[in-house]
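Heads up, the next two complexes both have subunit A, just with different partners, subunit B and then subunit C.
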Partner chain A sequence: MKSRRGLTAYAFLLPSLLGVFAFLLLPVAIVAGVSLFHWELLDSPHFTGLANYRRLVHDGDVRHSLWVTVLYVLLTIPVQTVLAVVLALLLNQRMRGVKFFRALYVVPWMATPIAMGLVWSWIFDPANGALNRFLAVFGVDGPAWLNDTSFALPAVAAVQIWQYTGYNMLFFLAGLQGIPAELYDAAATDGASPLRQFVHITLPLLNPTMFFVLVTNVIGSFQVFDTLYVMTGGGPAGSTEVLNFRIFQTAFQQFDFGYASAMAMLLFALILLITLLQVRYFNRRTTYDIS
Partner chain B sequence: MKKPVIYAALTVGAFLTLFPYLLVVLTSFKDRGELFSTRPWLPAVPPSTDSFHRLADSGFLTYVGHTALMTAVLTVGQLVFTTFAAYAFARMEFRGRDLLFWCYLATMMVPNVVTMIPLFLIMRQLHMVNTWFGLLAPYILGTPYGIFLMRQFFRTIPTDLEDAARIDGAGPLTILWRVLLPLSRPALGTLAIITTVQSWNNFLWPLIISSSDDNKVATVAIATLRQSIGGDYNLMMAGSLVTLLPMVVIFLSFQRFIVRSVVLTGLK
Partner chain C sequence: MRDSVRRRAGRKLLAAAATATLLAAATACGGGSSGAGGRTHLVYRTWDEQQKVGLEKVMKAFEAANPTIDVSVELLPYDQYWTKLTADVVAGTAPDVFWMQTTEFPDYVTKGVLADLTGDIKDTSVYNKTVVDAYTYQGKLYGVPKDMGDVALLYNKDLLAKAGVTMPDQLTWAPDGSGTFLPLLRKLTVDDRGRHPDDPGFDAKKVKTWGFASWNHYQTQWMNWMVSNGGQLIDKPFGKFAFNSPQDVAALQWGVDLSRKYHVSPPATETNPPTGQATEMFERGQVAIFPANNALLPYVKPAVKFPIGVAPMPAGPAGRAVNVNGLSEQVYAKSRHLAQAKTLARYLASPAAQKIMGDAGYVFPAIDSLSQGYVDYWKAQGIDVAPYVEERKGKTFNLPIVPGFSSAETDLNQTLNQVYLGALSPQKGADQAVKDANAKQK
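Showing the complex of A and B:
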């Protein structure tokens, strides 16, 4: 009886097991394996041990990409998270029309990043784009945005902030609504200012939400691709060449699969490390129940 | 804070949120000359459908059709297979269940680009590059994320009903279909919307695996517009409008539901 039930369970699981094995676990094993080979598209692969990793350590371009990636994460995550919290606080009040605004801010979440990347390229167009035409009304001569090495990365970051702030707001809003009102009442009778209430009640109790939002968004920021692909293609002069994009180019434009796999392992390790650090940080501060 | 200040802030935010959508509509109804002669935020008088004619001539609607087909197949596939797997994880006892579930959770941290290289190599080995099989296979059997979501939801449903059904002689399939699924509409709806959005917007894998006219999708097609014709923003905006519109329609139809339920995904 018991073994028959086990069999039924595996029958239910079979398609998904097949999927996870063939399209997630096997690929991870393959990419780790391929990173030990020199393998360009038409050649047959030959084993070179850790040569790709040695090359990685001395590759100035990879170091540059790592820096651009970190910069991109730093440009997006803090702004996006703070804005989402502020927006959630504003929308957590009893006011007319609040539901309308809540819904409206989530619209960009569903937008196709490739299409929106094009739309924002048009907004950022140096000569005829909406942004510089708008700035010109005030006599300001706007920069070339996507064609300018100092403005291209912030411009791509702005699109991500535009797209996901409202979506993140929803999670913070749910978090805020889970905080019992009595806590604020008690603090108010003790004479705590709204700012102190925010720092000592709201923020600590938002920790589980903060954990979820930060972990998922940081992983997402490390992997920015679509908007970057249509807006800058890694340019100008490599100023938006994040690691994720370099991996893509190395593998699918230069067909250097071995080296691209080593870079992919580096990105994987980086994401894993940063996720674990966040888990440790938040574990000390919250009891977060995952089961 | 005073209410007028809050409303002012919210209205500015709302304008910034909607402006790109407004601009797509305005620009795609302009002709080439008006693109440069008019202010971007003013409409063309009279509106021109020239861009849409050129878009249709380039075969774009076929690619949108491919996207729609891919989205439908992946959404149905993921709902079915995810439900089975999540049911097994939530309600059945078998050896290695918890270990296996943790493995599933761990795979959620694998970056997309890490699996793209080996997936391409696998598909090339199987001669499945530029085929529908290659395009759909990696996603159709369900994702760990979806399984996690459904399993968490199933566990919030009390087991009494299932026990009663089992005493009446119902097997696991009947219980899943007759008892659990009718109670799981919110979670199923959430999963369906997330899968639809992800499939419709998917770009990296289609870019790598399918470039032939038989299975090219809309996202890959508009990315090509950007590269081949430098600054033809009329055409690009028309393509973007056609691609964005279905998601806006879905949003408007399920707006209440989406706002309530996307939150389910993270916090349960």
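Showing the complex of A and C:
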């Protein structure tokens, strides 16, 4: 009986397993394979072993892109996570119009990255853009956001934060509503301040949500591409050239597929490593069952 | 390159599709097939949606004369075009006949995927020489010289009338700011209190209309300044990038000075690609004079509320020099219907075919003597494009005909963006761009 059940389960899983295999595992394996070749598209590929990886180690441009990517992750993740928790706490109250606000904050998440990138580049336009016109009201002479090496990356990061905060808020909201009210009641009876309640009840019990949000968001930030492509094209002076952008450039503009694949493997390994670290961290600290 | 506006918009929308395209390429089938009754089916690939309509008329005329050959016109948006074409060539399934532009030509011809058409198009003297040169490799002609566009000044007639100036027949410029061009631009540049750049108290931060748009666009801007200042872009066809000679650097400095020193052009912060708005500023009436390829006219015309004039580019110390951007139609060397594809190529090279496209206002045909049809079409639209024809009688030049241009383009644009911003000197910028671009050559 038990093994029959197992078979049925596998039968149902099969279609999605095929999908995962064909569109996820197989491409990764192909990229891993291609990374061992020197292959410029119009020429035939020839096996070069680890040569592409040796080239990676000495490539200053790749090192620069790695740094920009890490910087981008650091600019986006903490802010969009903290803001999402704060928003969720605010919208977890009983108040008028709360549903409207919950929906409102999720709207940016639904926008297509390309359209959004275009609209934001108008907002960031130094002369006619809404942002600098707003700053001018206070007598502030705003910078040329997307043409300034120190502002371009934060500007693109701000767009991502704007887009994902509301979406993340939804998860935290669900997480908050799953915390039994009795816990707070008991804590209040024992005289715990709201801050202590937050630190010792809310945050630990949000860990499953936090885990999910952080893992998916960190991966997303490491893979940023489309918004950035539209808003800066990697510029100015390479200040927004994240690794994914360099992979695109190497593969689809320079047609250097072997080397681009090696870069993709580097990004893949990096994401995998960071995800594993997160899994380890949260596994030790997460309680899924609070009944 | 053909029309920066559309290309930019398209690129944005389709960048994300690039990856998918490559994967799809493995299964796609580009080449034509042989059907029943000895009929041959050819595939002709273009990236221009507007021209597709005219091209279908051309193919109908061809099919009438060649009843055993069918041609279908396949449209692939510009931003997928090169990725897909490359993938098709690798898979051996490229279309029988396809479009080619000058900057991509070296990468393809050196890999042996383009058919030699020297024997099919014997008299090349009827075509514009610059276009023929662009598609000549080791003394042989690859591709049908199809059409061409060149760079002239578009101007806002209303703004010139308002400033009380008329466009002279001949304008001049020099790196030191002498010549008739700069004074004209000063008259056309006005701040919010009606002051011009040479007036006391002029405020460059509150300009209402700019005389010109000097921006980082190689095809219509700095490369033209360089050649008309006696500079060079490459050392020789299929050679190395070399646009860092003293004349080149001085020309680049002039391009930067127009905005940063003379204040007759918007700052680079508003015009640098990819988000820059130079074309839009002209369309909105914030820029009086704007150099553009005639291929841009179908996009600019419906977007403006003012009458558009056309004037020749100003002449520099080495005279006037304008970029001619010619397109060609290539026969795939490994086409399964090589003979039929060449028959089509010969027809495309004929005046009969090129006249259809010229008279309908799509393009200037590469056959020089057919220009009048295009001029007449645009005259009926209210734009006198004769200066474009006039310019081509003088010095014209191709974009850099060297392998690796498309690989180098992103870095090149980024470096030149910094030059236009003033963050990098023209000398340093040109040196760096040349060094990077040459390093991309394989």
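The definition used in the following text is that the second predicted complex is superposed on the first by the 264 of 291 C-alpha atoms of A that agree within 3 Å, B and C clash if a C-alpha of one lies under 4 Å from a C-alpha of the other, contacts with A are read in each partner's own complex, and residues count from 1 in each chain.
In the analysis below, a residue touches a chain if its C-beta (ideal position, glycine included) is under 8 Å from a C-beta of that chain, and two chains touch if they have at least 3 such contacts.
Here the structure is a predicted model, which is why all the values come from computation and not from measurement.
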**Message:** Quick check for you: in the superposed arrangement, does A:185 touch first (subunit B), second (subunit C), both or neither?
**Reply:** neither
**Message:** Once chain A of both complexes is superposed, is A:114 in touch with subunit B (first), subunit C (second), both, or neither?
**Reply:** both
**Message:** By residue count, which of the two partners contacts subunit A more extensively, subunit B or subunit C?
**Reply:** B
**Request:** State whether A:144 touches subunit B only (first), subunit C only (second), both chains, or neither.
**Result:** second
**Prompt:** Now for A:125: first (subunit B), second (subunit C), both, or neither, which partner does it touch?
**Reply:** both
**Asked** Counting only touches as set out at the top, which of subunit B and subunit C does A:229 meet: first, second, both, neither?
**Response** both
**Prompt:** Is A:20 in contact with subunit B, with subunit C, with both, or with neither (first, second, both, neither)?
**Reply:** first
**Request:** Tell me which partner A:252 touches in the superposition: subunit B (first), subunit C (second), both or neither.
**Result:** both
**Message:** For A:103 in the superposed arrangement: first (subunit B), second (subunit C), both or neither?
**Reply:** first
**Complete:** subunit A contact set shared between subunit B and subunit C covers 27, 113-114, 118, 121, 125, 128, 225-226, 229-230, 248, 251-252
**Message:** For the complex, give me every residue of subunit A touching subunit C.
**Reply:** 27, 40-43, 113-114, 117-118, 121, 124-128, 144, 146-149, 225-226, 229-238, 248-249, 251-255
**Fill in**
In their shared complex, subunit A is touched by residues of subunit B numbered 3, 6-7, 9-10, 13-14, 16-21, 23-24, 27, 35-36, 39-41, 81-82, 84-85, 87-89, 92-95, 97, 100, 103-104, 107, 109-122, 137-142, 144, 147, 172, 197, 200-201, 203-204, 207-208, 218-219, 222-223, 225-226, 231, 233, 236-237, 239-240, 243-244, 247-248, 250-251, 255-256, 258-259, 262-263, 266-267
**Residue ranges of subunit C touching subunit A (in the complex, touch as defined)** = 12-13, 15-16, 18-19, 22-23, 83, 86-87, 89-90, 107-108, 111, 113, 266-270, 272-275, 277, 406-407, 409-410, 413-415, 417-418, 421, 423-424, 440, 442
**Asked** What part of subunit A is in contact with subunit B in the complex they form?
**Response** 2, 5-6, 8-10, 12-13, 15-20, 22-28, 30-31, 34, 87, 90-91, 93, 95, 97, 99, 101-116, 118-123, 125, 128-130, 133-134, 162, 166-167, 170-171, 173-175, 208-209, 212-213, 216, 219, 222-223, 225-226, 229-230, 244, 247-248, 251-252, 257, 260-261, 264-265, 267-268, 271-272, 275
